[in-house]
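Everything below concerns the one structure shown next.
Labels for the chains are A, B, C and D, by order of writing; each one numbers its residues from 1.
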Amino acid sequence: MTARICTGYDEAVAGTADGSTVLVGGFGMAGMPVELVDALVRQGAADLTIVSNNAGNGDTGLAALLATGRVRKIVCSFPRQTDSWVFDDLYRSGRIELEVVPQGNLAERLRAAGAGIGAFYSPTAVGTPLAEGKEVREIDGRTYLLEYPIHGDLALVKAHVADRMGNLVYRRTARNFGPVMATAASTVAVQVDRVVDAGALDPEAVITPGVYVDRIVPAAQEAAA
Amino acid sequence: MNTRTKDDIAAAIARDIAGEHPDGAYVNLGIGQPTLVADHLPDGSGVVLHTENGMLAMGPAAHGDDIDPDLINAGKIPVTELPGAAYFHQADSFAMMRGGHLDVCVLGAFQVSAGGDLANWHTGAPDAIPAVGGAMDLAIGAKRVWVMMTLFDKQGTPKLVPTCTYPLTGVGCIERVYTDLATFAVGPDGVRVLEVHGIDVDGLVERMAPLELHLDRVVGSGTGR
Amino acid sequence: MTARICTGYDEAVAGTADGSTVLVGGFGMAGMPVELVDALVRQGAADLTIVSNNAGNGDTGLAALLATGRVRKIVCSFPRQTDSWVFDDLYRSGRIELEVVPQGNLAERLRAAGAGIGAFYSPTAVGTPLAEGKEVREIDGRTYLLEYPIHGDLALVKAHVADRMGNLVYRRTARNFGPVMATAASTVAVQVDRVVDAGALDPEAVITPGVYVDRIVPAAQEAAA
Amino acid sequence: MNTRTKDDIAAAIARDIAGEHPDGAYVNLGIGQPTLVADHLPDGSGVVLHTENGMLAMGPAAHGDDIDPDLINAGKIPVTELPGAAYFHQADSFAMMRGGHLDVCVLGAFQVSAGGDLANWHTGAPDAIPAVGGAMDLAIGAKRVWVMMTLFDKQGTPKLVPTCTYPLTGVGCIERVYTDLATFAVGPDGVRVLEVHGIDVDGLVERMAPLELHLDRVVGSGTGR
């Protein structure tokens, strides 16, 4: 279905069910869809699994969501940061489950979900504690671990510009997880700086084709509302 | 006899795509007859065409000065670009297909089985050079895969059969079969006749025997309704 | 190593060893690196395995290479075309080995080679003759086949513009296999319409980063030489 | 005592990168001290820096008005863009790494074993919050992976050890270890001292015991040569 331009962030996360797996873009604050995460805080879904590279910074955005106590589990590569005190406290007191996934495996597992790949063999983490419980296989003289896709019910992504077909472009290293997460979730909500007409983006430079995008919130429209 | 032409069938498919996807659908039209469907999509249907060689928002065939050898469809026919188009490479294009992001794919067929198996890539003739292209990826990729074909071959043998005798392209992947004489739903529940055209139901049952047909939902000219 | 700008096509394919696996870009003639393939004909390496979507058109390019008798095996999705008489004749007389791979699996196996993935499970071709000999696995209720990477010793790619760092952009559907093949070979030779200075391409729109590219031949330079 | 500073070590690594890759190398510099290497790359070395959060041709740290929150390195420090830069998403970035397309990766370490195992992500302390980021992907990804660290910890215990006691990041992945007191080659042949600085060889052997050191190729100030 063609993407829908939403009138606000709340509309973009409406209907998120308890128990959902939510993919949250961003690497640190670059590409972090803060306003969409804030909307998810207001929306109120509980028992969530969050998939994101980090586990929140400071007290806003993802950290604010964690602080509500409605996140059961977080899947990420690097939870511990200088300003990840909300997560740190939840983790140390046993109030959140943590699955640490190497960053490249995290990205590839999300891609696999979007690409219809059932599982894949990765050389990353072989012989380390993160290999525990994973199937091991030698292929052509090298050892690999079997890794499974990570599907989301909802993805929250921040991009730079969308056209009315839902095609997206990003800015610099804020691109990071957005394009793979947009392929990996049943519903994809994207916040952008602005929306342009179909034909205004260079078709050679579209990073996320509109087929992956369900809901778009332009910041300008939000400001005007 | 009032059988449907290829154009009639294409129009019926186009109508069903538009009817089931009021907000616009992402559709792949297989090489050959299925491309006719594009000509029948109603204005404003919002349907976006995917071509598996790497493009979304493909436009109609190109003519004269519009022909660009770098802009072709999967049948290697020069085509055009619509506003909001996006280009992508083969791995991304088939990830989009395999990952189930396209709403409908319409394919031609040599045979379809009652259970929805598809045979459309190889006649099984010992001297035939095998060539599959994207057929097997398309067969299992879209959310809904439909077939467009004549119901009988030149010898009068049904192409909708209890079990395919030609080598398979995909297993249990077809949901609907559009033909000159009738439209069928196929799958785990067997074959259900949805519409007949220029043939009465008794005649259809007789010509399709020993294939069992469910007749509880037939509409169309052949029934007199 | 940073890409080298070559003075001609012959320099770009120099050193290709007998027995090499050569990845050849293009879907039909779109993106077909004809001049590089012609140079490979002159270069003389024998006992080659060619990986390409098609098996040559007419009598030039890939067809001319096949006609030399120096190709032992071809891996492709769609060898049979109206103008594939060179291949057809070799195949029918048993003088070339053929591995038919569904187009999406072909692209994904090339990507896997470039991405360091040991193998992956694909749902394409399950239950078909092309599943023969492949490992089958059920994951989360769906059946998959285990597919292995396809590595090349040499890739021949046609792109639109390169910068002096080797970054590439393509044109429309001529992009097709170029970006994945460029990741999958030990040596990557690219023919382009022209070479521009570093900084002249939009960093957001680079499709193949220069890290993948070894040798570049600009058509303009060749014409001037 | 004439031990090397972090800057000296970074300069030595920069010299070796430039020396072994005269046509320019693609290099990833890990978070923390390894980033110092960038400051020592000779003019015209042609070295291109990769940052795993999605960029090639990363420039120096950004200051003042040049700071763009969308342009950061893997340590989340604002950086700049050099001419010829390219941006890509996380799956593509780690495919580039995992696929072995980068020439050198320089990482920090808690411990390195004689056989080249790396421990740099977890101290093993029971109350530590595990966080791996891209470390495991980087450890096994580049063609050559080097470590930059102090040779002894604050208690004077060697960090180059017969067997790592900290949880591993990668197995047999390190080729060279640059420290304040000496440079080592590690791997299947054990530990070979390449250079010493401000320590004599006998003293080094004694402080590193029971680790066995090959001394047949030592150069540097400590030997008086």
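Just so it is clear, a residue touches a chain if its C-beta (ideal position, glycine included) is under 8 Å from a C-beta of that chain, and two chains touch if they have at least 3 such contacts.
Since this is a predicted model, take the numbers as computed values, not measurements.
Across the two interfaces under comparison, A-D and A-B, the one joined by more C-beta contacts turns out to be A-D. If each chain is reduced to the centroid of its CA atoms, subunit B and subunit C end up 30 Å from each other. Averaged C-alpha coordinates give centres for subunit B and subunit D that are 56 Å from one another. Note on chain placement: the centre of subunit A and the centre of subunit B lie 35 Å apart, centres being C-alpha means.
Residues of subunit D in contact with two or more other chains: 81, 87-88, 94-95, 97-98, 141.
Residue numbers of subunit C whose C-beta contacts span two or more other chains: 108, 111, 115-117, 122-123, 170-172, 203-204, 207.
Interfaces, counted as pairs of touching chains, are A-B, A-C, A-D, B-C, C-D.
Residue ranges of subunit C in contact with subunit D, taken from their complex: 1-2, 4, 111, 113-117, 163-165, 167, 183, 197-199, 201, 203-204, 206, 209-212.
Residues 51-55, 68-73, 76, 81, 87-91, 93-95, 97-98, 117, 122, 127, 129-137, 140-141, 167-171 of subunit B are the ones touching subunit C in the complex. Residues of subunit C that touch subunit A in their complex: 108, 112, 115-123, 137, 139-140, 142, 144, 148, 169-172, 202-205, 207. Put simply, subunit A touches subunit D in their complex at residues 27-31, 53, 77-80, 88, 91-92, 98, 100-108, 110-111, 122-130, 170-180, 207. In the complex of the two chains, the subunit D residues touching subunit C come out as 21, 23-26, 46, 48, 50, 56-57, 81-88, 94-103, 141.
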